[in-house]
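I'd like to ask you about the structure that follows.
Just so it is clear, A, B, C and D label the chains in written order, and each chain counts residues from 1 on its own.
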Amino acid sequence: MTTAEILWNTLAAILTLCVFSFLIKDNPLYKFTERLVAGVAAGYWTMLIYHTNFTDKVILTMQNRQLAYIIPILLGLAMWTRFSKNYSWISRYPIAFYIGISTGVSIPVYMYTSVFKQISATMVPFDLTYAGINNIIVVIAVLCALFYFFFSKEHTGTFGVISKIGIYTLMIGFGAGFGMTVMGRVALLVQRVIFLKDYFIALKNYFVA
Amino acid sequence: MARKLLMSLFVLLLIFGTAGAQEAVQDTIGPPSPAPPTNIVVVDRPNDTGHGVLVNWALSADDGGGKDNVLAYEVYRADQADGEYVFRGLSVKGTGQYEDKDDSPRINDLPNPGFLITEKTYYYKVRAMASGGVYSEYSEAGSGQPMENWFHVGKIPILIGVIIFWVLVVYFIFMARKGTDYYVRPLAGINAVDEAIGRATEMGRPILFVLGTGTAGDIATIAGFTILARVAKLTAEYQTRVLVPVNDPVMFAVAQETVRTAYLEAGRPDIYNPDNISYETAMQFPYVAAVNGIMLREKTATNFYMGVFHAESLILAETGNIAGSIQISGTDQISQLPFFIAATDYTLIGEELYAASAYLSKEPVQVGTLKAQDWAKAILMVILFIGAVLISMNVSFIKDMVTVNL
Amino acid sequence: MIKENAVDFWDKVMNLDRRWVYLSIAIVVIIPTVIPFQVPVATTPEVKKVFNFINRMEAGDYFYLGIDYDPSALAELDPMAYAILNHAFSKDLKVVVGCLSQFGVAMAETRLAELSEKYDKKSGIDYCFLGYRPYPAIVILTMGVDFRVTFPLDYYGVPLDSLPVMQGIKNLMNVKGVVDITAGNVADFWITYGNGRFGFPVALGVTGVMSADYYQYLQSGQIFGLISGIKGAAEYEELSGFETTGLASIPYQTLTHAIILIFIVMSNIGYFVTRGRKKR
Amino acid sequence: MKKQIPIYFVLISGIVMLIQYFVPSEESEWLFTYANDWVIVVGIFALALGIWSLLRTEFKKLKNPKEAFYAGTLLFGYFIMVFTGLKREWLEAGHLHMDLFNNILIPIQATIFALLAFYVASAAYRAFRARTALATILLLTAFIIMLRLIPLGPISEVNQTAVGWILAVPNMAAKRAITIGVGLGAIATCIKIILGIERTYMGHD
């Protein structure tokens, strides 16, 4: 490694150790790292948005005289009325469009992906083979779990039993989700440890050579 | 520029290379050639922006019968009936249809020869390919125009679903307005809200409300705003501070409005402090680091996590645990629910997050929508069960009805 | 006296400072980094089926290997491709390699170049590399009819008809089965079109994140085997004896999982012991 | 004016976007991208608000001797990234901006992410206790799944079959049911917002 690379890597290694120090307890080193990364991330994000979205959607559209973009730009500027006490209500206009567009787009998308796709995928044939019996279990478990989400009915008696099976099903799902995730998280930690190891080896080689 | 040209040549080669290579081996004497496909009918491809047609033909007599040696069909297109026919693509044997669509007028800044112009007439010929690299004669040409469509027929089931659900919601809201009282079962996570705010007040420590790492346009985040509104109103009454660190600028503006209005409605605009809602930073993990810092240094007594969460869910919940806070979480993200279940005191699972604002508001109109959700669930469960039973008996019409292919 | 000590011990276990847990995890992650060693990996039936599929074929038998991952999934999927190709070449099987995802070509080419040299295999004689074509559904359907429809030439520009390896095999019906290694939706195309339409035996190699969604196809028999993530790769390496990075990552995983499981067991014993005492 | 008009904006934009979904024409596609750009442009301008709030708070903290160092650190991090990124081409590899990105932002982000390896362990230790039937099921499932990494000979064989079944059957069912519930809850929330029944997020005077 070159001297510059060693220096950059030293910085990265120190910051890595600072974050890990949080595991022992909150401390000034962690607080320093936390504030530094908050500032760097905000600065990076500012310039990224400026050079991409702002350039594309604001500067270029105006240069190309895409008049349709005057409206969203005016709405965007209206957000800035929040700097003033008396006119901050104007900022509700862009928020209204923002929320309105988001909700309007979401309704059919949820209807398709969360409802139709799931229902269609769950309609599987029952029979007495291994796969067929599993299909029966899947359908019954989905129905029971949906029972658990009933809000306007008391979960007592038969209904209570069914919804209990439902919440048990959900818990199996959560247990499985938890168990499956551990591998990926460990892999991330291993990457950091290997980074530190490689750094120390490089450091040793740098000073030995 | 030269690279771009090469790239587009390469793309063209990929598309047309197949046809050229087959023509080369066509002349060799070999097995008998199959009968050509007949009756070419070209119709508009439905449900599109007007840059696609469907080419239909009657199968070759040697496809599935006769000499039974057809492997595939090649589809060719021209601008005029007697123009130059260019290879467009393949369909496997037994298929009497080819979908010819291309909606990019230009590729790599060059005019795209494959592009279909809306309402222009195109001519198609099809020929059958048999084993051994022999071809039938070309079929007679058929013609048709791509048209722009104004309604997506394939989405009709979704439209019906939306309408039925919409009607249910409006009906139950209407009934609630007329005074019908609906029962809702208690939810542990909701019942804990009051207690958790009370605890913070007793301890004289602030409350933390995290809206997650989604955007202000995510519906789960919007559900988070509605819960924040109810929580903030309670904290205003108890005169407890509520800290809302956010990572999306629009979320920041909406959260400020939400909390300010809540304090106004509680009659305490005087104690509203806009600085309690803070924009931390834009990126996921730097934001999490900042929230961790707030939890430990402000010693928040109660933490709410309501919205869209990703991998940070467990980092937040474990740090809250170290700080000894009571934690109530809710998210629609299935992958993160296990961690909230394991590490927080109460968790609103999926739909419960959306129901929470109705529970907390206790307004009859809001509760009415819960009733509509239950009815919708009941209808879906019946359809699901009957559909599954019917499909077991090889009757698929219900499954076909709910299977939407876009 | 001894009993009371035991109770004290479990009390401590129940109120263990979480930093002991952190320290244990740190130790079991650092040890394999400093002193690399190997632990055996528990093999799963779904990986064994893929291994047996390759292992039971005789010299000269054909199978199709799909290499459809991009560099982002390299760490998890490349060891699978490496072990399977090694296994196949060492058994003198004939391999038809194809790509339905455009980044797969570079991955496949690297591995084929390296391993064909190692085993002295020749393109066109011992294996055939078809290259890449877009539209996976159509390509799979046409390969079910004839490879030459979509791939008149192989990746190196040689007509398929002139390749000795392709004499006598016309379409996917003539190969023993399909193993597709992918990080994307190509897997779904193989299930829907490859298995659904033509009924070829299909096995998949997928990333760990994807695996939970593909177990259902294993249950329903739509795929005959599944290699998932780095663990699946390690299993195949263990079974076949051809190692790259898969097995190397297993010590970390096994040790951390073992530590977590031990902690769970301890905390539950502690819970029952201390609860029992409280009852008394 | 202040309260009613925004509610109508929500209603109109919501209904228009809902209808847009069912219209495949080119005009409709244009509308979709255009509306998306509204959301993006509003977000761009709102970023200035967020950054302003962040900087203002930190500048205030500079006066507090206890906090001054940390506030200074944040401001230093922010402005160095802004100044080193002023030109478009400085955002490419080989410039200081990207060196800072690669050696400050990336390692810190990756390390915070890696903390999760410790946290899954401590959460499992604390939460997976057989206090109730529900907790026991959660614990047992997670246990079986995690056991797949431990080589135990014949026990592993049985365990692997159990893992496959859990993932394909109850886990799948749980995911489907939650997804359907989330869908209905989200649509109901959207309808309430479009109809103006839920407007707590909007604020009024």
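Some points to look at:
The working rule: contacts are C-beta pairs under 8 Å (C-beta built on N, C-alpha and C of every residue); 3 or more make two chains touch, one makes a residue touch a chain.
Every value quoted in this text rests on a predicted model; they were computed, and no experiment measured them.
In summary, the chains found to touch both chain A and chain C are B, D. Of the two chain pairs examined here, A-B and A-D, it is A-D that is joined by more C-beta pairs in contact. Of all chains, the one whose CA centroid is most distant from that of chain A is C. Taking each chain's centre as the average of its CA atoms, chain B and chain D sit 16 Å apart. Distance from the chain A centre to the chain D centre is 3 Å, each centre being the mean of its Cα atoms.
Remark: chain B and chain C have CA centroids separated by 29 Å (rounded to whole angstrom). In chain B, the residues that reach two or more other chains under the touch definition are 155, 158-159, 162, 165, 217, 219, 222, 250, 253-254, 257, 280-283, 285-286, 289, 334, 337, 339, 341-342, 349-352, 355, 373, 377, 380. Counting partner chains per residue, chain C has residues 18, 22, 25, 29, 211-212, 219, 231, 253, 256-257, 260 touching two or more of them. Among the residues of chain D, those in touch with two or more other chains are 18, 21-22, 39, 42-43, 46-49, 51, 54, 105, 108-109, 112-113, 115-118, 120, 122, 124, 126, 128, 138-139, 142-143, 146, 149, 165, 167-169, 171-172, 175, 178-182, 184, 186-187, 189-191, 193, 201-203, 205.
Residues of chain A that touch chain D in their complex: 8-9, 11-13, 15-16, 19-20, 22-23, 31-33, 35-49, 51, 53-55, 57-58, 68-69, 71-73, 75-77, 79-80, 82-83, 89, 92-111, 113-115, 118-119, 121-122, 134, 137-139, 141-142, 145-146, 148-149, 166-183, 185-186, 188-189, 191-192, 195.
Touching chain A in their complex are the following residues of chain C: 19, 22, 25, 29-30, 33-34, 208-209, 211-212, 219-221, 229-231, 249, 252-253, 256-257, 260.
Touching chain B in their complex are the following residues of chain A: 19, 22, 26, 31, 33-34, 37-42, 44-45, 79, 82, 91-92, 95, 98-99, 101-103, 106-108, 110-112, 115-117, 119-120, 122-127, 132, 135, 139, 142-143, 146-147, 149-155, 170-171, 173-175, 177-178, 181.
Contact residues of chain D toward chain B in the complex are 18, 21-26, 29, 39, 42-43, 46-51, 53-54, 57, 105, 108-109, 112-113, 115-116, 119-120, 122-124, 126-128, 138, 175, 178-182, 184-193, 195, 197-198, 200-205.
Residue ranges on chain D touching chain C, taken from their complex, read 117-118, 120-122, 124-126, 128-131, 139, 142-143, 146-152, 156-157, 159-161, 163-165, 167-169, 171-172.
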